[in-house]
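Before we start, here is the structure in question, set down as structure tokens.
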Amino acid sequence: MTSPLQPSLAWRIFRHVVLMSGAVVFLLPFVWMVSTSLKPADEIFTEGLRLLPERWAAIENYRRALTDVPLLRYLWNGVLVCAAILVLQIVVALPAAYCFAKLKFAGKRLSWTLVMLSLMIPFQATAIPLYIMLYHAGLLDTLAALVIPFIASAFGIFLLRQFIAGVPDDLIHAARLDGMREFELVWRVIMPAAKPALIAFSIFSVVWHWNDYFWPLLVINTMDLATPPLGTMFFKNEEAGTDFGPLMAGTVIITLPLLVFFLIAQKRFIEGVTLSGVKG
Amino acid sequence: MADIHLQDIRKGYGATQVLDGLSLTIRDGEFLTLLGASGCGKSTLLKLLAGLELPDTGSIRRGDDDLLRQSPAERDCAMVFQSYALYPHMTVRDNVCTPLYMRMLGFWQRLPGARWLDPRVRRQLREAHAQGLAVARTLGIDHLWLRRPAQLSGGQRQRVALARAMVRRPSVFLFDEPLSNLDANLRQALRAEIRQLHDQLGRTFVYVTHDQHEAMSMSDRVAVMKQGRILQLGTPTEIYEAPAHRDVAAFVGSPRMNFLTLAAGQAGPALQDQPVGHIVPREAAQLGFRPHAARLAPEPGALRVAGRVVQAEFTGAERMVTLQPEGGEPVVLVLPAHGAPARGEDLVVYVPAHACHGFDARGWRVPAVPAAQPRAA
Amino acid sequence: AQIELVVDYPYPDLFNPVHEEIARKFTEKFPDYTVKFRAPTNEYEAAAQQALRHAVTGQLADVSYQGLNRQRLFVDRGIAVDLAPFIAAEKDWDKQGYSESLMSLGQVNGKQVGIGFSLSTPIVYYNLDLIEKAGGNAEALPTTWDDIIALAERSRQANPGTNGLHYDWEITGNWLWQAMVFSKGGAMLDAEERKVAFDGAEGRESIQQMGRMVENGTMQNLSYSDAAQLFVSGKLAVLSTSTSRLAAIQKQIGDRFRLGTGLFPIYAEDGRVPAGGNVAMMFAKDPERQKAAWEYIKFATGPEGATIMTKATGYFPANTLPIDDPQGLKGFYEANPNQYTAVRQIPWLTGWYAFPGENGLKITDVIHNHLQTVFDKSVQPQQALEAMTRDVQALLK
Amino acid sequence: MRIKPLEVALLLGPSMVLTLVLLVLPLAMVVLISFTDWQFGASTWNWIGLENYAGLWHDEVFRQSFVNTVEYLLLVSLASIAIGLGAALLIESHTSLRAFYRTAFFLPVASTLIAMAVVWQFLLHPSAGLFNQLLTALGFEPVNWLRDYDTALISLAVIGIWQMSGLAMVMFLAGLKNIPAELRHASLLDGMRHPLDRLLRVTLPMLAPTMLFVVTVCAIRALQVFDTVHVLTQGGPNYATEVLLHTIYTEGFGFFRMGYAAALTVVFVACIFVLTLLQQSGASRAKEL
Amino acid sequence: MADIHLQDIRKGYGATQVLDGLSLTIRDGEFLTLLGASGCGKSTLLKLLAGLELPDTGSIRRGDDDLLRQSPAERDCAMVFQSYALYPHMTVRDNVCTPLYMRMLGFWQRLPGARWLDPRVRRQLREAHAQGLAVARTLGIDHLWLRRPAQLSGGQRQRVALARAMVRRPSVFLFDEPLSNLDANLRQALRAEIRQLHDQLGRTFVYVTHDQHEAMSMSDRVAVMKQGRILQLGTPTEIYEAPAHRDVAAFVGSPRMNFLTLAAGQAGPALQDQPVGHIVPREAAQLGFRPHAARLAPEPGALRVAGRVVQAEFTGAERMVTLQPEGGEPVVLVLPAHGAPARGEDLVVYVPAHACHGFDARGWRVPAVPAAQPRAA
């Protein structure tokens, strides 16, 4: 039986038409990307548009992407760096977001302005002084240098604060009476309640730092510590001509983990958080 | 522990003054019920006691301690929230046992994963669950042990909230209408359960309810609030039998007390032919009597009320009758179901003098003449 | 003494195997010296930035490969080490294959700061299939721009749906603007480097020449990557760009059509073409390390290094010894005549001019923007040149 | 509610200290540099006071890039928010193909722009590109997307929208998930038959906090556009796509004029700071209402 | 409109079967109250009626219409949710008036900004606000008109939820414990208000409550539920006086009915010396009587219960006495406050035969012998 709670058939068709055309447009560049990654160099710029190559060079391209540079190693570096960044960001941002959302304290306005400021200031603006600071700390050319500048995520604080503000006060009151200190309250009550926001934040954090190119380029001198985009950039060469096949193959390879990550994360969205333990 | 003294508490939200100079002493170990119309500030008072809100002015002391300097955790209260405030992401078990975890496990032991590292933690957890389950069983929610709040009915949620408070042994229990969504049987059972908990632990209980039956049968003392103030504080009997204010009288007892306006010593139409001076003092502006107090049999010295029955409602064992005295305001009476008059009949009832209360123009009780003195102290 | 030389270089995709091979052979020859490579940067701009960053934090490499037109930066900031004393100390330097014109590529303000490593020049690529349909001849490629333009235009008419010409004027550092002016015997600035010199007759002719390229739509307003895409897919007849792109272009064409390369037209007696590519520079300050670094530079730019480099990339070497050496590159060029075009231009080679002062790079940008107006036909060439002169002069101060 | 200052410090401290060290300190260095004529890599510099700022005042490029930035910001943030919101609402209105759509709209966010730029170059190619082939097939003149003064910025904006809509969508999805189902039920019973009614009266107002957030974040990210410009147009043709961050970058890393770049940065940050204060007071006023 | 027929409804969430083959006919225009223990499926049933959930099997029809094919909006129900479900972003005014906006304004007029373009919209809005305010006034929340839910007390929120349902004129009203958080006076006033609304509109009302007083005094018919089924459906008097099942008898009436186990026709200890055959039929396994039914005065043919008073609780006008018959289960009695025995005294009470109920081994009512037939039809 079709539930009357569900949208009407007309609406469902409309939905698919709109979303499908949107999806096609949004995926178009990716189609070309994958298609290119399958082609040999001399088939990339042929007349007319052809999705599949005449002569398959997929193996060749992917092999080169994986072996000309130690891409797997870079992927691993990327995982390490992104995981470290994400964990530290959450550890730092969630309590702060909670403070801003639910507590009153002296200097709140000032510190909030600071957060907003750091949210708005582009990373590039402070890159050079940061570079010099990291040099003096002796951290250049280490994975730590890839992590440290991003720990204090204003974006995270801002995002989480917005969601935590919607958590009913009574819930926090209950936790306090149950004997939780603020610190524990944040992790036991606020974190689960802000789960959709945390997931959204994780998605962005991972995606951005995974794809970050300029900062690793700046601080990494040893190839062994490079992150995935540095690996694919190996094939991009303005001076002598870009190797499109392996470049696209590399891009596909470094995008895949993100895709998997997103697929897992978006499943969590479905569950959501129903704040149904609180009446009103 | 010692008594809790609230002194001249004021609390407002923006323009609304919620508590308006409230003073109250809660004796150590007593069972105090707060009664009052919806919106009069009961929940706010509980939150102040728990330390979840701070008053704008005034002091809250317990013995020598200034409670206002203490955080909620230090004050050691358990509370059942009117809105339940269950953790939506936790199972019933964790909702109920969280206070136990907090008490029984050290900081490190509470960290995630500690359970896998330390067998003592596992033991403690088992112990906590057993304790929680025992409470859940008395509340009839043990079969829901692993559900989440979203999967519970309203009454079940309320009982989880209750269980969460009851597993603890804090120095003060605060209950905000903990039984409002439960059926009569359950409510009665839980009332007994709560009272028993009180007697067992000897801790201070502050209880908010709208059910007077509950207030009357459970409490050591009752505080009746109105618009952010305490109108009367006394034992249930005092409150019922010697209401200090017209509003208390009107609020306590169901159906509500009947009031007859006495125009400057002269009674309303229904009382025209009787002297009321011997029933309530001259200063009284109003005379009140409870619907249950009316008798069909004439009684000497009693107030006589005559009129026509305009409504007769069946309420189980009794019948609620609305009597319209000629030219006066209607009066509600509760009479035994058997032999009560039908609608349209004429009826005369008698209210014994000791069941009549006088109130002055500002609503305060006028001490009765000695003969009509109520029995309560 | 044991020394570990730190070396950085750009373009890992091209040079990774080259430098590793060179380092290996170098260590074989000088067992005391080992080589450690920095993570390569993927373009000259990044390479320069990295070196400057390292200058700030004192982590400079001992030997650094930098784009030809970036040398001036390192001279201005006192980072680059003058190589003249080392050259003077060499016994028979003139026999080692470093010709005058090649050495001049590494000179800034008369100081020898770099030795050419892998070089490129602008050349002209032809789609022989297309131009032959338009009456062109692979054996007799045009030698003046007007002929080239005419040929391209004819090809465009003869092959509907194709484009005529693309002149890759956007290569950084105004490379092809310089090439156009230099090929006519002109100069960028006067000898004191105080006054603009490209506003003379050569400059005027150059800018007019560019104007003629786009005048009738022979050349469209395309970016290099757009044009290259057209060229390799067989829809562009003539493309003038750096020889360094030859390998990639050949690969992308496959056997779709026949490719020919021709000389960049040289007009005057003293006409020149600027070289591109990179030079090896010494940043080491410690005399011991300098000694090692010098050995390394000599080795990498000498016959052995040059042979390795040339065979693996599309560049030509800055050392003439291996070119005619059958052990070296002789066979290689015979097999790859298109590669040889650039080598044929060696006699006309000149440095890639970098503008002086703190606004030097800004000037490059200003020139680029004025050229843009010529190629998108928004401004008349002459006016563009005047505006360009004015702006550049202002920046020179 | 009394929270001990120590506890607040414990919760807030790490982020504030880190922000100070990682943001305020470098920013102070930038301010100092802006008063010098420091060239990147040079070992010496001179104090030149406000000279850099004076130069800025007369800088046409700066003005142009300011205008471009604002234009880009409006185009991209408005369109992304609209598309993101629309997509989120449509996707969540039914269950079929939900994961696919979510992923499709999200993928651009996850793309490595430096590599993706190559793809865009191809798609926007003046003659062989897909868009122009479509246009020609439909009988229109092809457009030289990235090199035409009129379309260059818009083309970049389209790419920006392509990249940012997914961001907005994910945020809105998270926001939608926080609306209790019971409110939807209540709205149905209140007679909101038309989806538009539910949208305007329940969903959107409940999304208001998310909206505030998304607007801010999209605006900020649009303001900070750099990658696409750097890779695709370098600010060209003739500054038609020059945006502030790219100007800063070119001055600093292209021309190595660090002092001047620092001054640009300071002005940029100052503008942002004013925006922040405005946004702040706007938000707090909205809360009071 | 027509009657609503629910046929063999089953509804489960995962492993839990919530409604278990429930069938029920709700007559058009009647006031039906659902009574039942917490968690028995009352709220679920309301949601099914409103169309917010679909049953797993079974049909819901109204006249010829299959309600299962209709969306909630088409079914035209108003509902007070147990958890209120107020719109947190709207003022009380908009919460209350939203249903009116939906009804009174056309599609275009509802769009934002229409108010500025079309003076008729302004007029309509004023009209809607006036109507809403009138309802709010009867509920005593008019002074909160421009507050948001977060700024209200529990009872105030509940009244807003009630007002939102009451402003409408739908074909079915669904109330899920709408008065649970209100004080007695307010509750009584609102009860009358709701009943009056029903009488005025003649629409179908389905009402869930835990307050039996409410159920008894307001409803045309009462359905008593247990574990997802209907145990009895009848008028309040039927339910109270002739409970069809032991559980109904136990559930309705407070304090709860007393049950005496009759071992195969032989009575328990307290009844040893009396023949009960004339009171309940032989098949009965249990005999029940209500606490209110006990009389102090001997009565011929009545059941006699003797024992010692172990507890005596004061409850306002009456005294609740627990009597411990020798060797039997304790029995609860409600006696008039005056003259009731004190704790520790011996007491004999008499229960008239017509107030005794017999139940068979499976709990179902055993039709009484003619003499003991209750008066209710």
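As written, the chains take the letters A, B, C, D and E, and residue 1 is the first residue of each chain.
Operating definition for what follows: contacts are C-beta pairs under 8 Å (C-beta built on N, C-alpha and C of every residue); 3 or more make two chains touch, one makes a residue touch a chain.
Predicted, not measured: the structure shown is a model, and the values here were computed from it.
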Dominant interface by pair count is A-D
Compute the centre of every chain as the mean of its C-alpha atoms, then state which one is farthest from the centre of subunit E.
C
Relative to the centroid of every protein C-alpha atom displayed, which chain's own C-alpha centroid is closest?
A
Measure off the straight-line distance from the CA centroid of subunit A to the CA centroid of subunit B, and report it in whole Å.
54
So, what's the distance in Å between the C-alpha centres of subunit E and subunit C?
92
Distance from the CA centroid of subunit C to that of subunit D, rounded to the nearest Å?
37
Taking the mean of the CA coordinates per chain, how far is subunit A from subunit C in Å?
39
Set of subunit B residues in contact with two or more other chains:
51-52, 71-72, 82-83, 154
By residue number and range, which residues of subunit A touch two or more other chains?
5, 45, 47, 128, 132, 176, 181, 233, 236, 242, 273-276, 279-280
Junction residues of subunit C, two or more chains touched
53, 56, 225, 229-230, 233, 235
Spell out the part of subunit A that touches subunit D in their complex, as residue ranges.
5-7, 11-12, 15-16, 18-19, 22-23, 25-30, 32-33, 36, 45, 47, 49, 91-93, 95-96, 98-99, 103-106, 111-122, 124-126, 128-130, 132-133, 148-149, 151-152, 154-155, 157-159, 162-163, 165-166, 176, 181-183, 186, 196-197, 199-200, 203-204, 207, 210-211, 213, 228-229, 232-233, 236, 242, 244, 247-248, 250-251, 254-255, 258-259, 262-263, 266-267, 269-270, 272-276
Can you list the subunit B residues touching subunit E in their complex?
13, 16, 35-39, 41-44, 82-83, 140, 151-156, 159, 176-177, 180-188, 210-213, 216-217, 236-237, 240, 250-251, 253-256, 290, 292-293, 313-317, 320, 334
Sort out for me which residues of subunit C touch subunit D in the complex.
45, 49, 51-53, 55-56, 73, 76-79, 163, 220-223, 225-226, 229-230, 233, 235, 358-359, 361-362, 365, 368-369, 372-373, 376, 378
Subunit E partner, complex, touching residues on subunit D are 180, 182-183, 185-194, 196-197, 200-202, 205-206, 208
In their complex, what parts of subunit E are in touch with subunit D?
47, 50-52, 71-74, 76-79, 81, 83, 85-90, 98-99, 102-103, 107, 110-112, 164, 168
